[in-house]
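Below, chain A partners chain B and then partners chain C, in two separate complexes.
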Partner chain A sequence: MSKIFPKSANRLPLQIIIFLIVLLGVVTTATNYYATPKYTRVGYAPVQPVPYSHALHVDKLGLDCRYCHSNVEKSGVANLPTAQTCMNCHSQVRTDSPLLAPVRAAYQSGEPINWVRIHQVPDYVYFNHSVHVNRGVSCVSCHGQINQMEVVAHAKSLSMGFCLDCHRNPQANVRPLDQVTNLNWNADQVKIDGKPHAEWAAEFVKNNKIKPPQSCTGCHR
Partner chain B sequence: MRYAYFTLAFLVVLTVSVLGFRGSTFTRPPMMVFPDTFFPEMNHQAKYKPQASSTFFADGRADRPLPAGVVSRNPLRDDDHLYRGKTANGQWAKGFPAAVAVDARLIARGRERYTIYCAPCHGALGDGKGIVTQYNWGAPANFHSDVFRSMPEGQIFDTITNGAKTMFSYGDKLVPEDRWAVIAYVRALQRAQNARVNDVEANHKQELGIK
Partner chain C sequence: MATSADHAAPAILNEVNPPELPRAVLVENNRSFTWITDKICGIIEGKTPAWWWVCFIVACFVASFTVAGITYLVATGVGVWGHANPVNWAWDIVNFVFWIGIGHAGTLISAILCLLRQKWRTSINRAAEAMTIFAVVCAGIFPVFHVGRVWFAWYLFPIPNSNYVWQNFRSPLEWDVFAVSTYGTVSVLFWYVGLIPDLATLRDRFMAAGNKLRATIYGFFAMGWRGSNRHWSNYEMAYLILAGISTPLVLSVHTIVSFDFAVSLIPGWHTTIFPPYFVAGAIFSGFGMVLTLMLPLRAIYKLEDLITQYHIDCMCKITLATGTMVGYAYAMEFFIAWYGANPYEGFAFINRAFGPYAWAYWTMITCNVITPQFFWFKKVRQNTALVWILSIFVNVGMWFERFVIIVTSLARDFLPSSWGYYSPSIVEIFTFFGTFGVFSVLFLLFIRFLPIMPMAELKAVTPQADVHGGENHH
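Right, the complex of A and B next:
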């Protein structure tokens, strides 16, 4: 009587187990790589109704972030500017530019411009802008070098790990309050009150009692 | 067994070629790790957020404009000098209202606000040579002219609140206290540009090389 299974079948169970382990490793790696805001959100640069360039307005003209996002120090929300804010200058500058037609229309009619939102934490996350900028956390820490962007792109992941990195070690991301909207400020190149940044930041955190919440309810409230 | 590995390798290549790498720029709406279809009311909950859209209201806005005849619940703004820059008989008020303490803190605040909201047109020195003048703006006001040096504080307050000529209102960006802070700083700029030797305190004269 001939054998039903060849001799090599003896190794098959082990080979299947090894394959399943490899498969598990590949699936884990892929999930880890793709199922995170580092992949899903970073790089998001939607086409806006008006091709507003932060590089031009902030870096070249020197406008402060707060000229347009005027409530960021008072409110949890960094507001988009009103059409009138644009028209403060564009009632005189580039008055016939076709690119600015939506702005003029919005100013005339009072209907808002439908800007596409880029940075957005999920609805189950509480985030307050004012408490961050009033404690020396710069715009650049979460939004990247907006001042160099022709088209705004999502630069940082804004994942939970991203938030916690800073909440566990706020010293690394605080700066003097008058430099919060200076996106080119570099902690390594300046001395603050004659001290290197690390030393200054440790005192700043202590003196201002900066204790970022690390408990779940700090943000998931 | 070899075919299983070939299939796996093919799937890896397929996934990477479809999904790409981290950090590449894209314009389509971001993928959801927890899609709303399977996790309803999680990422997008049935609540309005500021400046968000609404399918309920005809104009599509979640932020509602004030209805006609609405009465503010904030304290009554009956201090004409503080909130309108006028005296009791309707003249432009001169000087600062009693509720505003003119001190170094106010001027520092005024300097910060001035730099954000005023300097783009009026210039860091208040000489009307802000960045907009390089873009065919025309001539923003030069605060060192006689008109503005003698202008009552109340009238400057009104200009910030309601705008004047080509300048639009900045009432939405500067609360009344900040407007007075800006006025204090403008007065400081005016004084700085018209300073005399006698304005320098004795102990600072040597630093400036003045005898």
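Right, the complex of A and C next:
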């Protein structure tokens, strides 16, 4: 009987197994890299209706975060400023800049500026800004160095794993309450009450009974 | 120490002179090896019969109901199924357990009967294993789509992910994932290893007939089988190892399925009898399905010489034995509910028999406890049509058993204020009805393209293979 398959077919099973192993490795690596929030979300920097520069206003001029996001300590939502907030200064500074035309229009009409939202957790996630800010979690922990951004970009993954990393180990991300909006603050370079950060943070977490929820219902209410 | 006197026949034997009871012949009419090969391969090589096309088209149509039901569910949401508080498990889990149970006969036949050297398994094991695999496919549909957003079903497996979603390994539902996927994998392997020599036979026959395409396809899956002594030696070893691996699976899979219920605290579920009771029920339903499938096959393909009356007897007797075990378990549940003196447990069982679902309970009792008792009678076992009808009752009864267990306990648990009554939605009915089509499509493809019996193994149990002339030769 003539043979159907060439002799090289004897190596086929091994080749198929090796191919499958390589395929599995490539798919795993590619999924891990391209299909997770650290790739899909980080770097998102849409064009905004007004080219507002955090680098200029915060880093150079020294505005505090809470000057514009004024309710962040009291509310679950970190509000965007109204045009009125902008006009506190811009009624006197650069009053005829064409870049600020949408701000002046919004101020006159009362229609808010349509900022493009960048940081957005899914609807099924409950997140409260005030509870984090009032427990010494800085803006920088989730939003990155906004103070140095010309255009705001998504800096951290904000995946569930990202949240849980801190909820499981809050010490790493707490700081004195008066430093929460100081985005240049560096835990490694300062001593707090004469103690290194790690030691201070452990006490701070203990004294303030910081017990971030790790159960599903903590965030998925 | 045995002495020669022990071996001497008692004197009484000479007086009563008992007749020799011949061992049942497993292949009748002294069929030759060639006849067996021609018979089994002929099914595949012959022209596709008209009845096959009719059945296939009908089966595809029925299967489309599952496709439609599932498409609607995925597009709309899991709420299109009828379960809602308090009955949050209903047809989905009923159908899952029903189909998983059916698969059990295949594993029992292929693994336990193999290790116990029950030679009558040879003519039914291939089809029973195929049935197992197809039943697992049908079973898997229900829990996978019950998760609602089916594209997240992979969360069932412990795959590291950026959400840090990790499985709750204390949940029996998670054990189910591993039990069923292991079961499916081993069943496929067992089935495939057994197929290899027969695929090679088909390859050679198609090659000789000049059908290069089919020879190549069968040849690919035969993986270069030449039937050498070394091949057979490896084959036997692989088969034995797989039988050893599968044997605990026969018991473990349905044990773990029963844990889905037994580990909870719902009255009527929280009982220690569940694992053995579920395993017996699974084998019972599995043999019911084997009879339902094999008897028409036997009639259509004239396989009476290969599936003899002895085979039917054996299957009926196992159905009888496991059916009686199931009946015993029903009785024992009632006894323990009374003896345990737990008012909720007691109520759960009174409610089963006389509550709003009494119709389902008595259907179950009729089909599962009374039906198999007919198999005590040789006359019944020899009436193939009657056996087939009774096997259908077994299938119906075992579906109702799962329905009774799952729905009655949930519909009326601890708090009368939250009692309810469950009825399936049309989408559920469509989905379940369609799975019979899915199963039939797969089974029809199996009988059309794969050898429905292991030819080599059948030859080994023919009278010709026993060159020493029976077991009397010592």
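We take it that the second predicted complex is superposed on the first by the 219 of 221 C-alpha atoms of A that agree within 3 Å, B and C clash if a C-alpha of one lies under 4 Å from a C-alpha of the other, contacts with A are read in each partner's own complex, and residues count from 1 in each chain.
One rule holds for everything that comes next: a residue touches a chain if its C-beta (ideal position, glycine included) is under 8 Å from a C-beta of that chain, and two chains touch if they have at least 3 such contacts.
Please read all numbers here as calculations on a predicted model, not as lab measurements.
> Report for A:Phe19: first if it touches chain B alone, second if chain C alone, otherwise both or neither.
Touch status of A:Phe19: first partner only.
> By the touch definition at the top of the document, which applies to A:Leu164: first (chain B), second (chain C), both, or neither?
Only chain C; A:Leu164 stays clear of chain B.
> Given the touch rule stated above, what does A:Lys38 touch, chain B (first), chain C (second), both, or neither?
A:Lys38 sits against chain B and chain C alike.
> Give one of first, second, both or neither to describe whether A:Gly62 is in contact with chain B, with chain C, with both, or with none.
It touches chain B, and chain C stays clear.
> By the touch definition at the top of the document, which applies to A:Ile146: first (chain B), second (chain C), both, or neither?
After superposition on chain A, A:Ile146 lies in contact with neither partner.
> May I ask you to decide whether A:Pro122 touches chain B, chain C, both, or neither, giving the answer as first, second, both or neither?
Only chain B is touched by A:Pro122; chain C is not.
> Would you check which partner chain A:Ala202 touches, where first means chain B only, second means chain C only, and both and neither mean what they say?
So A:Ala202 meets neither chain B nor chain C here.
> Applying the document's definition of touching, compare chain B and chain C: which contacts more of chain A?
B
> Of the partners chain B and chain C, which touch A:Ala187 in the superposed model: first, second, both, neither?
Once the two structures are laid over each other on A, A:Ala187 reaches no partner at all.
> Kindly list the residues of chain A that each of chain B and chain C touches, one partner per complex.
Dual-contact residues (chain A): 36-38.
> Quick one: which bits of chain A touch chain C in the complex? Just the residue numbers, please.
Touching chain C: residues 1-2, 4-5, 9-10, 13, 36-38, 157, 159-162, 164 of chain A.
> Can you check the complex and tell me which residues of chain C touch chain A?
So the residues of chain C in touch with chain A come to 161-165, 203-204, 207-208, 212, 215-216, 219-220, 223-224.
> If you look only at chain B, which of its residues touch chain A in the complex?
1, 4-5, 8, 12, 15, 19, 22-27, 29-33, 42-45, 47, 49-51, 53, 59-61, 112, 115-117, 120-121, 131-132, 135-138, 166-169, 172-173
> Chain B touches which residues of chain A in the complex?
Touching chain B: residues 12, 15-16, 19, 22-23, 26, 30, 33-47, 61-64, 66-67, 70, 75, 77, 79-80, 82, 84-85, 87-89, 91-94, 111-112, 114, 122-124, 153-154, 178 of chain A.
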